[in-house]
Every structure is written in C-alpha cells, then in structure tokens.
Amino acid sequence: MELTPFLLGLMFSGYGLGALGALLGGERAVGRWAAALGVMSGAGIGTMLGLVALTSRQHWSVGLPALLPPIGLFLRLDGLSGFFLLVVGLVGVAAALYSIGYTAHYAGRYALRRLGALLNLLLFALGLQLLADNALTFLLSWEIMSLSAYLLVLTEHDQPETVRAAVWYIVMTHAGFAALVAMFLLLAGGDLGASFSMMRVGAASASPELRTAVFLLALVGFGSKAGIVPLHVWLPLAHPVAPSHVSALMSGVVIKMGIYGLVRVLLDLLGGGPAWWGGVVLALGAVSALLGVLYALMEHDLKRLLAYHSVENIGIILIGIGAGLLFHSYGRMDLAALGMIAGLYHTINHAAFKGLLFLGAGSVLQATHTRNMEELGGLIKPMPWTAAWFLVGSAAISALPPLNGFASEWLVFQTLLGGFSVPALGVTLGMPVAVAMLALTSGLAAACFVKAFGITFLALPRSPEAAHAREAPRTMLLGMGLLALACVALGLAPFMVVPLLGDALAGMGGLPTTLPALTSGVTIQTPGLAGHMAAPLVALALALTLGFTLLGMRVAGVNRALRRSDAWGCGRIGQTARMEYTATSFAEPLRRIFAELYRPREDVTVDTHPDSRYFIQAMAYESAVSQLIERRLYEPLLRLVKFGSRQIRRLQSGSLHAYLLYMTVALAVLVLVAQWSW
Amino acid sequence: MLILQPALALALAPGLVGLIRWLKARLQSRRGPPPWQPYAELRKLFGKEVVVAHSASWLFRAAPYLVFASAVVVTAILPLVLAPGALDGIGDLLVVVYLLLLGTFVLALAGLDPGTAFGGMGASREMTVAALAEPTVALAIFGLAIGAGSTNLGQIVLQTLRTPILAASPSHLLAFAALFIVMLAEAGRLPVDNPGTHLELTMIHEAMILEYSGRYLALIEWAAWLKLLIFFTLLANLFLPWGIATTFAPGALALACLALVAKLAVLGVILAILETRIAKLRLFRVPELLAVSFVLGLLAVTASFARV
Amino acid sequence: MPTLFRKLLRTGMVTEALPLEDAATVEVVQAINARVQQLLGRALAIRQVDAGSCNGCELEIAALTSPIYDLERYGMHVVASPRHADLLLVTGPVTHNMRVPLRKTYEATPDPKLVVAVGECARTCGVFAGSYAIAGSVDQIIPVDVFVAGCPPEPIDILRGLLAAVDRLPASR
C-alpha cells in the first residue's frame, strides 16, 4: 500500500500527459497515439491499483486540504473503489487501443485534439470519483465526468440527431446531479466537506425520514446516471451518436458509476435500510431489464439496440443489488453478500461484453458508414475478426455458458432463489415474479442477439457499402480482442472473482468481515439454495465432447466429402439480398406478441400509375414502435414545462414601465420580508 | 462412468423417436417404418456427402458440432440412470437450460447464414418460441429445486426419493404440467411444430436445417432427438424418479436403465396419442399456449416458496 | 377424442400387401452400385420434382404415402429439401421454365443420389413431344436411373420403380 500514492500520481499524470499530447499533437497520428497512450497508461495503472486494493484488503486514504480550499480534496482507496478501478481500467485500455485506429477517420472532419483531451479528462474524472472520500470531491469529479462525456457525445456536432441527444443527456444528468447535491447535503448535515466516515456515523443516528429522503434522492441521482427505467430515456439517444469508443466507455463504465454510487451510499454510508428499499430497487431492476430488452428487440439501429441492452443489464445488476439489500434488511447476511457479489460481478461482465459489442459496432460503422442493420449483412467474410469478436460478445450477453454473462446471471438467479428461506409474504410473492422476469429477459436477449449478429454479419450484403466493407485496422481488432479475452476469462474463473468481490464487500454496511467461502476448487456453491457450478469444467466437457465427436467420426469412416454449390432456393435462378430476412422481419413475431406494449404503427403508401390504379409504381412500408415511457411520462412533463414557461414569458412584455414596476414591487417585498424576519 | 450416460442417451434417442413414429403410423391405420428406422437414417446420412452454399460461412460448418456437443454435455449432467450423475457437480439446472439455449442460438445463426428466406424464417420463429419457452423450463424446475433445497438435478431426484409424498404436492404437479407443455415447444412436437411436415411455411425447426446435408444433418438430427430424450428424462426422473440408481453398483445401474427405457416408452406412447389427436396450432396461437405454461411455472415456484 | 380413437380401432390396419414381383413397367437404365445400395437401401429420402407435368402422376405419387400403399414401411419417406434427399422422383416433360430448376435441384442433392423418372412424359415427353414449351425429356436434362412407364403409372408401378432403384425389388416368380 506504500506504493499507492506513487501509483496514483502516475495514473493522474498519465491522463494529464495524454491530454497534453492530444492537444499538442492535433490532427496528426502523433496526437491520436498520445491520447491513446495516455489513457492506456492511466487506465493500466488504475487496474493495477485496483487489483492491489482488492487483494490486499487494506484501505488507504489521504486528505489534501490544500487543493480546493477551504474544504479540500479527500481521497480513499478501498476494495469497492479498487474493483471499479478495475472495471474502468479494463474498458479504458481496450477503448484507447481501439481509438488509435478508429479516430483516424475523424481526422480533418472533427477536432481530434478535443476528442483525445476530453477522453483523458473523462477517465481522470472517473478515477478521481472512485477515490473520492468527501461530498465535494465526489460531486466535483461527477460533474467533470458528466461534462466531458457530454462534450464527447457532441463530437459529431453537425448531425441534428447528435445535438438533440446531447441536450437530453445534459439535462437529465444535471437533474440527477441536483438530486445528488441535495442528497449529500442531507447526509452531511449541510457540510459538503464532511468525509464519508463522518457521514457514515451521522447516518447511523439519523431519523428514518431523513434516511428515506436520502435513499430516494440517491435512487433518482444515481439512477438517472445508470439508466434505470424511467430515467433511461437519454441512454438510447446519447450512446448511439457518440464515437464508438466513447459509447463503449459510456455504456461500460460511466453508467456503472451510478451503480458504484448506489452501493457506496446505500450499503456503505447508510448501512442498508428497511425491506422496502431493497424491494423498490429490485422492482425497478426487473422492470428495467424487461423493458430494456423488449425495446432492444424492435431496434434496427445497431448501436441503439446495444444501448437498450445496457438498460437491460443495469436492470439485472440492480436485481442482484436490490435482492442483496432486501436480504440485508432481514438479517440474512450470507444472501445479502451473495446478491451484492452477483450485482458487482455482472457490472464487470457487462463492462467487458458491452464494451466489446460497442467496439464491434464501431468497427462495422467505420467499414460501412451505416448503423442501420437493414443495410448490412454478409460482413463475416470481409471482416472475419470483427465478426468473431462480436460473436463472443453476443454469446456472452445472451448468458451462454461458459462465458461471463452466464456466470453472473447464475449468481443472480441463486440469490433470488435463496429468498425461499426468508419468511416474509412480500418475498414469497415477489421473488417468483422476479425470477420469472429475469428468465424471460435472458431468453429475449438471446433472441435479440441472434438478430443483431445474424442480420449484420451473416448471409449476403444488403447494400453496396456492406459489400465493399473491409476489415478494421489492427489496433481496433486488438482492442476488441482484449475485451473478448476478458469475457472468456471472467466466464471461466468465477471461482476466483467471487472471493475477490467478497473481500471487497467485507465489513461494509453490516456485512461480516469474513464472508463464508463460496468456492471449493473450481466449483461455486451458494448459500440459501445449495447450487453448484464449475464453469471451467463445463467448458472442458464441451471441448472434450467436440474432440471426441470429431475423432469418432474419423474413426468410424464417415464420408468426409464436401461440395460447394448454390444455396437451395427452390430452384430459383440467382440469389440476392432481397430474398433474405431483414431485422424487422426477424423481430416481427415478437412484435405481434407484445403488441400491447409496442402499439406498432404501420403505414403502407402505394403509388399507382396515373392512368390506371392497377399498375403499382412504388410501395413504401414504414413501421414504428411507440416508446411507452417517452409518450406517457416525458411528453406530458415537457408539455407542462412548456406551458409554464409560456405563462411566465408573459412577464416579458417589452414595456419599460412594466419592468420598472416589477423592480419596485420586488424591492418593496424584500424590505417587508427583511423587516419581519428581524 | 463419465461416458455411460451420454453413450446411453445417444443409443436410446433414435429408438425413442422411432417408437413414436411407429406408434403414430399404427394409429393412422398403416404399417409405418420399423422402430429402428432412425438408426438406419443416421447411418445413411453419415455416408452422404455434404453440400454447402457459397453464401454460407464457417459458422454454418461449425454449428452442427456445437449443437451436438451441447446436447451431449447436458445428457452427462442429467440424472439419466444415476443420481447424482458423475458430472452432477459441475452444473445444475441453470447450466442445463442455458446449454440447451446455446444449441438453439447456434442453430438459429446457422439458419440465417446461407441467406435463404426459409432459413431466416426458421431462425426467427425458433428464437421466438425459445425466448418464451426457456424461461418456463427454468421456472418449472426452480419449483422443484426450492423443495429440494438445491438447484442441482441429482439433489432434486434424491429429495423426491427421500420424501415420496412430494411427488403429489401442488408445486410438483404444476411444474409437471408446465414442463410438459414446454417440452412440446422445445422438442418441436405438435401442437407447436410438426416434425414430419414438408410445407416450409409450417416449419419451425426444420426450416433452419433445410440447407444441411450429410454428416452435418446427421449430427443436427441426432441432437434434436437427444433434446426430446432430455426433456422426457426431465419429466420422468425429476417427477417420478423411482428406479434410478443412487450408487455405482452394476445391478442398480441395470435396473435404472430398464426403468428409464420403460418411462421413456410410456411418455412416447402418450406423445404419440397426443400428436394423433391434436392439430398444429397457428404460429401466433403458440405464444398463448406458452403463456399458459409460463403462468403454471410461476405458480409452481410460488407454491414452493410458500412451502406448499 | 373417444370418437376418434374408437374409429381408429374400428378401422384397423388398412395397408395392403402388394404384388411387387411383376415389374414389366419398370425400366432400369443405370443399375445401382453395391456400396450405394448398402447405404440407401434401408433408409431412402425422396424429393419429388414436378418438371411441368399435368399432375396426373402427382396424384398417383400422393397415393403412395396413403395408408393403403404406405411407402414408409419400406424405409422410404418424402422430404422437402433436396439437400436431405437421396432420390429425385421426377415427373412431367421438362418445360423450358423447369429446365434450370430441375438441374439446380439435381445439383443441390448430395451424392450418392438416384433419379427415378415417372410417367410417359418423363421418358418420351408423352403427348407433349415436339411442343414449343418443352426442353426435352428428363434424361436429356439430368441422368436417370429408372424409368417407370404409364400415363399415369399406378402407385404400385411407381413403388416398383423406387424399389428397383435401390435393388430391393423381389424377383419375378
């Protein structure tokens, strides 16, 4: 731990040098490399720090009142911060490596200096936030993070879609920020300089009403950053329009800061709460998961589909954390720890596979200049590596064994099922519904990713751009490969990750300082419902079976002839991309099944020949799915705000006499108020 | 010991399907193929060449092996003749459900790969049915797992052996009903999917494999038959486990094999009669059927949470 | 449900034993290879191709899958995709429009494969010989192993043709 200040200094200087290099290097390759290397070195060191913090089980803190007088900057590194540093580092290094090749096609069109510098600033803010030990540091770094993310989203500022998305993003993130400021004021008793340890003590003796207010504000503030329904509306707007490595960072890391905040405030600072807190978080998580995946299914914009899946996976993380909080309130610390571990494990898993998927989508975008799946197809032949990495990501997010998505979803299921031993009616009725929703979500996610991978990469290209696609440069492939490797490693090694997470959470918020061993050998076994799972052995069994099948077929003298021919098309002559399934047609059965939710609107316009209506010249089909939350919640809200502002605008009559009257009246009122308050 | 269950499953699966086909033929007043016909079909398919479309990629050629391997690994984990099985500790019911989902996922991608319309149609329909059916499989077995205090299938079987009265409990009965309906969907049987149809527009599973031939088709067909065997085994051994071996003694194992064959035969007869009586559902009526089984599964889990 | 099963029990087995030995209508052009016979003899997948027929032969072929003739008892079944097929059952004189699709169907079928051409039209173009719409008889488009004569041939003749293709036809008495 003595190395910690030194490593911290290195990390921050890495980012600083990266930003400097980006600003100086400008549009040339030097600038891109400098920015990327800055991020990689900073993030890499952050990863090392995180690992050290996780494994050493020691805390390190420092107070720097000299910076930012009169309150000062307070930093603290513990297991939880260390784990999130790991998450930041993993996606940061991969995204930075990827950006070297990716930003090359921005040169000359958009300001590369700004892009590189802001990237380093974003990661700097992320690192600072994870180490924050008082309200001021936390809020400051949160705001820097939000602003740099906003500016990064605005990179392609000439597209109206981008500007609109950025406006939504900045408004919602600031609304959340306001909630966070209020929350910290309540927690710290008005003193923003109070360190977290002081807040911990204060919260323990605070009134239940105050604690509830803090809980609700935390939920709104961190929830809007994480993208929980109904505060998620900015996510599918902002993530698609940002540059792909930024999307990867945002989906993989920035929204996880909401999760970090929730765990830090709810578990660490408040020390858990009544059962309904956990229930609310669990319910919000389940609804987010299901709505996220249902809307993702209907998307044919590749990056917007991935953004909705981020909402879904945040929902799954919250299911784990909510269940953990719920069991915590019933005193079942073993299940509480399991829930928290499951949620945090899914956090790093999601960072890995979602980062990978966004990088893959960026690779496709760079090669074909379109995000619309209806114009893609057949990319597996010209872009084999991108396709392979995207396939790993798709399999991971669909929770297929033996990859990482399965490992964490398994843990979440076990947590929920463990609730059978809790003798509360709410749990008995609620847990089965939560289990059912989680199971439905993962089934639908698999269907969605068959569509996403299949339509984008398989069959024949649906447009000339897709037909002329070329493989991404090596740096981009390396970045993706790193995350794919992480997906496989995290999937095969839950027996190593789970104890580490247990150590990170030990002693926090009433959890015991030594958690029971959840692993034996390579197997995980869970308390509550005694389930066993050994991921490496499952992988081994699959590999051995494959091997024996091939060997057996060889030994049995099976016919090994293979002939290439045309695809069977019922004897038709020629095969074109018009004969394939499209993304919309693939999802059509599910659209019909869930029509009550989607309220799909279909428009068919037929142009006929002017002389005879039997000769059709053109037909256009347009179908759209209505967005429930936007329509029912945000549109009325925005209408209200617009109405209110229109009324207030009446004050601006343009008449000087009116303004003079206003000023006189206001002065008179103030004098009266001042008189009375004596 | 590790290979006993997979080998037994591989040997029995074609026979099971052959029995069902033979029975259905007899119920249609005709002689029908002999019950060992699927073995002959497999032998023939392994001797044929493979024709692959120009538009297909490496995924098309790798998919049959993955589908086959995932089904075989599931048979090793299942309590087929032994509870707990040799590989019971490496995976529980969630591993089983998701391994089956792995097979479906890969096969759906392989259906999309050659770029044919029917392949895409099969993939779309299959994933729709799977997305609605997999959760119910999980739910139904969760209901049992809670009663048994473990999600490992071997433990569930042992619990029912220890307290036989559990087999008649509401959670078990509801779970059986849910699992039976979802078995029809997952294994591609009537009323969800007709395995013997030649009309492409009525196909779900067959539409995905229209491009496959030779040894690839053999592996995929065998894996599909294994899937039927897996679901039958789940229905038989989780709910009525008597006869299963709990030790490695050869006598117990032999008895378990006989018990398994008997239970599979009974379930096969029930399925044959059901398929003769019932007609295939319109595709958009299938979600209603699956919703019924989903709710039954949910009720099963709630019943077991409430210790009923 | 009871009505259905009562009727099934009352109907009983209707499949007839067929006198297959008298095979005057079947002409084997290409005798099957012994190795292929061993492979395809017990399990044959048939794909029917209508290359422009009047559907008379199709009706007779459809009768083959009925309970009375029951093709399946010989281990043969009808499949939808030529990729799954071992034998192509072709009817009709080959029209110009069906020339390429027939060729494509043949190429889509994996080796080893057999072709049985059913009806006069398939062998000699029948009443359509010389028409402007005909490209030729089936053996002018794809190699044929067995011809079955008749217009249309009876189901039992078609069955004889199929069995002859895999050399399972009982010898004449």
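We call the chains A, B and C, going by the order they appear; numbering starts again at 1 in every chain.
Keep in mind that, in the parts below, a residue touches a chain if its C-beta (ideal position, glycine included) is under 8 Å from a C-beta of that chain, and two chains touch if they have at least 3 such contacts.
Computed from a predicted model, the values in this text were never measured in an experiment.
> Relative to chain A, which chain's C-alpha centre is the most remote?
Centre of mass proxy via C-alpha means gives C as farthest from chain A.
> When all chain pairs are ranked by how many C-beta pairs they have in contact, which pair ranks first?
Chain pair with the maximum contact count: A-B.
> Round to the nearest whole Å and give the separation of the Cα centres of chain A and chain B.
35
> Nearest whole angstrom, what separates the Cα centre of chain A from the Cα centre of chain C?
Each chain's C-alpha centroid was found; their separation is 60 Å.
> Please set out, as single numbers or ranges, the residues of chain C touching at least two other chains.
81, 83, 108, 110-111
> Where in chain A do residues touch two or more other chains at once?
Where chain A meets two or more other chains at a single residue, that happens at 561, 563, 565-566, 568.
> In chain B, what residues contact two or more other chains?
Within chain B, residues 47-51, 210-211, 214 contact more than one other chain.
> Spell out the residues on chain A that touch chain C in their complex, using ranges where they run on.
561, 563, 565-566, 568, 570-573
> Could you please specify the touching residues of chain C with respect to chain B in the complex?
Those residues of chain C that touch chain B are 1, 4-5, 8, 11-15, 39-40, 42-45, 66-68, 70, 72-73, 75, 77-81, 83-84, 86, 108-112.
> Using the touch definition from the top, list the residues of chain B that touch chain C in their complex.
25-34, 37, 40-41, 43-44, 47-51, 197-200, 203, 206, 210-214, 217, 273, 276-277
> In their shared complex, at which residues does chain B touch chain A?
6, 46-59, 65-66, 68-70, 72-73, 76, 87-92, 94-95, 98-99, 101-102, 104-105, 108-109, 112-117, 119-121, 123-125, 127-128, 130-136, 138-139, 142, 145-146, 149-152, 155, 210-211, 214-215, 219, 283-284, 287, 294, 297-298, 301-302, 304-306
> Which residues, counting only chain A, touch chain B once they are in their complex?
Of all residues in chain A, those touching chain B are 377-378, 380-381, 391, 395, 398-401, 406, 410, 413-414, 417, 419-420, 427-429, 431-433, 435-436, 439-440, 442-444, 446-447, 449-451, 453-455, 458-460, 523, 529-534, 537-538, 541-542, 545-546, 549-550, 553, 556, 558-569, 575, 577, 579-581, 585-590, 592-593.
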